[in-house]
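Scrolling down, you'll hit the structures one after another.
Consider the two complexes below, in which chain A is the common component and chain B and chain C are the respective partners.
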Partner chain A sequence: MKAKHLLAAAALAVLFGGQARAEDATLDLVGPIADYKIYVSENLQKLVSDTQAFTDAVKAGDVEKAKSLFAPTRMSYEAIEPIAELFGDLDASIDSRADDYEAAEKDPAFPGFHRLEYGLWEQNSTEGLAPIADKLMADVNELNGLITNLTLPPEKVVGGAAALMEEVAATKISGEEDRYSHTDLWDFKANFDGSQKIFELVRPLIEQKEGDFVKKVADNFATVDTTLAKYKDGEGYQLYDKLSEEDRKVLATAVNTLAEDLSTLRAKLGLS
Partner chain B sequence: MSRHPAPKQPVDNTRRRLLLGAGAAAGSVLVPGAAQAEAAAARHHVTDAPTGDASFADRWPFYGEHQQGVTTPRPASGMIASFDVLAQTPGDLEALFRGLTERLVFLTQGWTPPELDPKLPPPDSGILGPVVAPDNLTATVSLGSSLFDDRDWLKPLKPKKLQRMTKFPNDALDAGICHGDLVLQFCANRPDTTIHALRDVLKSMPDKLLLRWKQEGTVPVIPPNPDGRVESARNLLGFRDGSANPDSGDSIVWVGEAHDEPAWAVGGTYQAVRIVRNFVERWDRTPLGEQERIMGRRKPSGAPFNGHTEFDEPDYTKDPDGKVTAHDAHIRLANPRTAESRKNLILRRPFNYSNGVTKSGQLEQGLLFICYQADLEAGFITVQRRLNGEPLEEYLKPIGGGYFYVPPGALSPGDYVGRTLIEAAREGKASPT
Partner chain C sequence: MSVEGKGTAAPGRIVPFAVAGTALLAVASGALFYYATISRKADPAQEVIKVEVGAKACNPNDLTVPAGRRTFEIHNASDRPVEWEILDGIMVLEERENIVPGFRQTLTANLKPGAYEITCGLLSNPRGKLTVTATAASDAAAQAGPDLKAFIGPLSEYKVFLVMQGSALESATRKLVDAVKAGDLETARAAYGAARLPYRQVAAVVGRWSDLANAVDPVAAYLEKREQDPAFTGFHRIEYGLFGQNSTEGLGPVADKLLADVGELKTRLRALKPVPEDLPEGAAKLARLLADGKIESGESAYAQSDLPELDASLAAIGKMAGLVKPLIPAGSENLAGDLDGRLAAVRQALDAFRKDGAWPAYDKVDAAQRKALADNFRALADTLDKVSQRLSVE
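And now, the complex of A and B:
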């Protein structure tokens, strides 16, 4: 397989000169993609064990324990969301919001993390949540199996850096993701980390040629880190409503700029 | 106001009139005539009304076998307004239909509101001036499933395929902008004309109709090509929309005797409305090559990958493996162009909408999708099912709309839209009211 690629790249180099760089870049990505696969696997393992503890607490009727496990459990999902989203049905089942259903929270079809969040925070109860918890656990296990057997498409991995920022920009920066628990800053942190991980893995491939770009992106990630660090609270983060208007604007600007800049990352790596 | 008084006689060649109407607005901007240039030199204020001469000449007949606004060429502005109907008896519903028809005739044919005692509120909002010119206005009445479901005497008359719109997997329906007992589609050259029409109806029938939601939209006005051919307008994703629209032939759009529908419904059509938000910031950050792969067309020309213009037909028989046009490209899923898929053709008549900013600070804009078909199941619902899971979904979120039935047209003065339904209801009742 690899030899074939090399051959093709060599042939292209002869035929098209400059265009062959795209092929070279694809080959260069083999290492970063393999490393990313490990990152995904680690997050998946953590997601499975955390979801087990979280859903166990829900089923045991332990509202306080379940509440304390909700936000940290979500982080390993949010970090690898672009890969999880390759399985759209499961993503909808695990992480959709009340807005996705016409009858909102009252809709019997409303599933997953946010349905449990609604019960725990808005109703301060685990009543009726056991089947939803079981389904979430089953979905997470299924996702784990599917992703473990998946060959990660390079354009999806590299595109994932931007996709994570798009998610934050379109539907998270407003604090509407975790609207009952207001633990949005945990999600932000995981989304940024997931995006930054991809960027850092491919960074050596473009550092030389794209120094200004690399610096600008790295600076924006640093701005996000510094801003979020202000809200660190123990192992996690303060509630979204503690986020100052000024810092919200700083984060929103960083997200938009990262989304713009990272949208060119695929092209810079020769991916279509 | 106009230096070229519009002819007072309606022009009845519909096609020619459309070209005049659509061309007039674009022409006045793009190729100013000598007279306009003189006028501009003489007097120019930034708040001057934009000049154009669409007026009484731009008028569509209201009466006919079918309602207007379905196969009528689409002008630049459109609006869907959805209402709750208060009528509970055939008599009340007839009064609504008659009153509504009367207003829609005035509005689409043009009229001069009377001068009243200034101590009274004016009879007309006045936003189009003292003389209300039709400005190409069409008004199309349609009926929702709930109108029938909530009235025992209407239940047996519900069109067979009419149903409450339910969620497709990628939908995030907002109950506040879904469904309705009765819908009005207004289309005109200018948005002010559709707003005027809505305000007239609201003012005229407050005891009969309660506004639920509305959505306005526009399409860009473009001049025809030198050869007279008009290209399809672009949507807010920057792609031409409507290239493969079928000719508005009878069999696709209008319910006839052969369709398994109640007799009163013959001459009508099903209307599907969808408010489809576009994530335009994200789309604008997507590589051009991917945008084109997702759509299945070239962005600048609108041509399929095996053609040169948007009117060239994609040939999938030569591309069974999806190497030219991916199997999950939007146009290939929507219309696979097989003998079998011909019965799923729909007549699209969409408008672009732009509503402001979301909570997250992104643009709230997209497509006010409207389509017509003689069979809702074989048409929109089947097409949308094929599109479920398409790559374009990442950039779309359907948030509102509904399914409605457009009853046949009012035939002549004295007739009214909805008559065949009222008559059928009366026939079905032992003691009509």
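And now, the complex of A and C:
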């Protein structure tokens, strides 16, 4: 009798356990993470074709064309920067700054977008840039292949939205990233859009319970959007030195608050 | 149950037990207290691990810590702002960026046993090593099955896969419709073969919608009037026309209906909420479905295109298996290795038929060969069942 009861209880536990499991809210994240992967893949496809055109211009010695393609090409890279931690090596190879190298700009190891930016703007030349352009193209192709086959860890995706805002607040806001071309506002736009995408995808999961939080974050993203929109110039943005002190402060305040607020998103979604 | 069990014991026997129990508890708590006092200093979980980042390297540059939540204090002793990262392969596990010269920052990471690398300041500096050793707690965690959270990533990836294959299926079906309506038999035959491949990739989930499965993929053998039955629709009806009757005649409306059904399928795939069971169990069911009948009888009676279609099914099984493989707990003997072995064996058995990149017609594959292939799929299904049990998502 007892053994039978035990079996029945175990069977019930399995039955209900399985059901509870399948209906658990944890799995509500599957849709948003899947949509985010598609967003990343679309950006990567654009990055591959844009980088091809940009590096072709560099290799053809066309300084003006290469300069005009630099900032727009970077946007699809900057849009996926929330998950750059998933590809640390390639991020260093594609997007590191001169400060990361002992001899700074003169260091032969200084690679990627910013090495090309240095050549195009500071030296106004494409001389010696062909191998760097080839390496950048190869890295971007490698990144595309890597991400296609990579399962995105949800805590890295959600955490990435905050991490990128922290990085913008801590360093990028000074205009350090595109220090030779001063096209930082293009990057900002893409960085904010990339973080906001993550927030918008998980927003329906917390809208009910965290109404105030959701509104505050959405308002701060809106403030950033409105502020950046003032500097829109054709398809892109004005140079960073055109940013007024007042607007720089507005952006800095918004991004600091976003960094702080978004850092609680993982816990709100049960991912910590 | 345990309460009932105790109640059956004579009361007289409980008292001494209780007394002994209390005494034991007292001794145990004393021992615990003693242990806590002597081990306070030695307990690595309480200790902050200090790392100094110099101009050329970290000190220490080779760390060994036990698994679990560990806190590091990074002191930037160089004259430039630096970052400090823990790398798992190419993935940054945790990092602290922009540590200003002279400043200290702390970082807490939940570490699993294994070998990690550390970036120390300049990218040109040699990387440090971090060795994380197993503990009783990490061993126990390795034995336990994955929690629900661990499935979010794989299920998201599976959903992306289904959505992409759904889109590929729709555009391939559109080409088939165009060729059929143009009366171009050769192009239509090629388009049929091409459209079947993405269909086979999503077939494991189509089965859950009987309306769609019956409209898109019915075989004549299961219908009362066989090829003449009005319910004979979808892919195989087109296959029958193109390969059985060598004609595109009358196939236009069938193809239009197929495209509409495939559109509905794509919509349902987009709305699908996959659950953990869909992965290992779905893969096992698909492998067994093929092994128990379809491989031996053959499914494409007119086109004889079973081999390339099995190739697509195997790719789908491989996709699902690959997504759950990282979730197999470390303490599962060699289950992950067995799974790889089984997948490779089926792959090899199937590839053996391919000659110069082309698949032979299925009627050239004899009964013994079919049985051997089915046995291979069955063994894979058995292993996938074990994976399913180990992940307790049966």
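One rule holds for everything that comes next: the second predicted complex is superposed on the first by the 246 of 272 C-alpha atoms of A that agree within 3 Å, B and C clash if a C-alpha of one lies under 4 Å from a C-alpha of the other, contacts with A are read in each partner's own complex, and residues count from 1 in each chain.
Quick note on the criterion: contacts are C-beta pairs under 8 Å (C-beta built on N, C-alpha and C of every residue); 3 or more make two chains touch, one makes a residue touch a chain.
As the structure is a prediction and not an experimental result, all values here were calculated from the model.
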Fit or clash between chain C and chain B when superposed on chain A: clash
Which superposed partner A:Lys37 touches (first chain B, second chain C, both, neither): second
First, second, both or neither for A:Ala252, with chain B first and chain C second: first
Partner with the higher number of touched chain A residues, chain C or chain B: C
First, second, both or neither for A:Thr151, with chain B first and chain C second: second
First (chain B), second (chain C), both or neither touched by A:Arg266: first
Which of chain B and chain C A:Phe213 touches, first, second, both or neither: neither
Which superposed partner A:Leu29 touches (first chain B, second chain C, both, neither): second
First (chain B), second (chain C), both or neither touched by A:Asp99: both
First, second, both or neither for A:Asp89, with chain B first and chain C second: both
Which superposed partner A:Ala170 touches (first chain B, second chain C, both, neither): both
Overlap of the chain B and chain C footprints on chain A, listed as residue numbers: 88-89, 92, 99-102, 109, 166, 170-171
Partner chain C, residues of chain A touching it in the complex: 2, 5-6, 14, 18, 21-22, 24, 26-27, 29-31, 33-34, 36-38, 41, 85-90, 92, 96, 99-102, 107, 109, 146, 151-154, 156, 166-167, 170-171, 270-271
Residues of chain A that touch chain B when the two form their complex: 88-89, 92, 97, 99-104, 109, 162, 166, 169-174, 176, 252, 256, 259-260, 263, 266-267, 272
List of chain C residues in touch with chain A within their complex: 1, 80-81, 85, 87, 90-92, 95, 97-98, 119, 122-124, 148-149, 151-157, 159-160, 163, 273-277, 323, 326, 393-394
In the complex with chain A, residue positions of chain B that touch it: 167, 169, 171-175, 178, 279, 281-282, 285-287, 289-290, 358-362, 389, 393
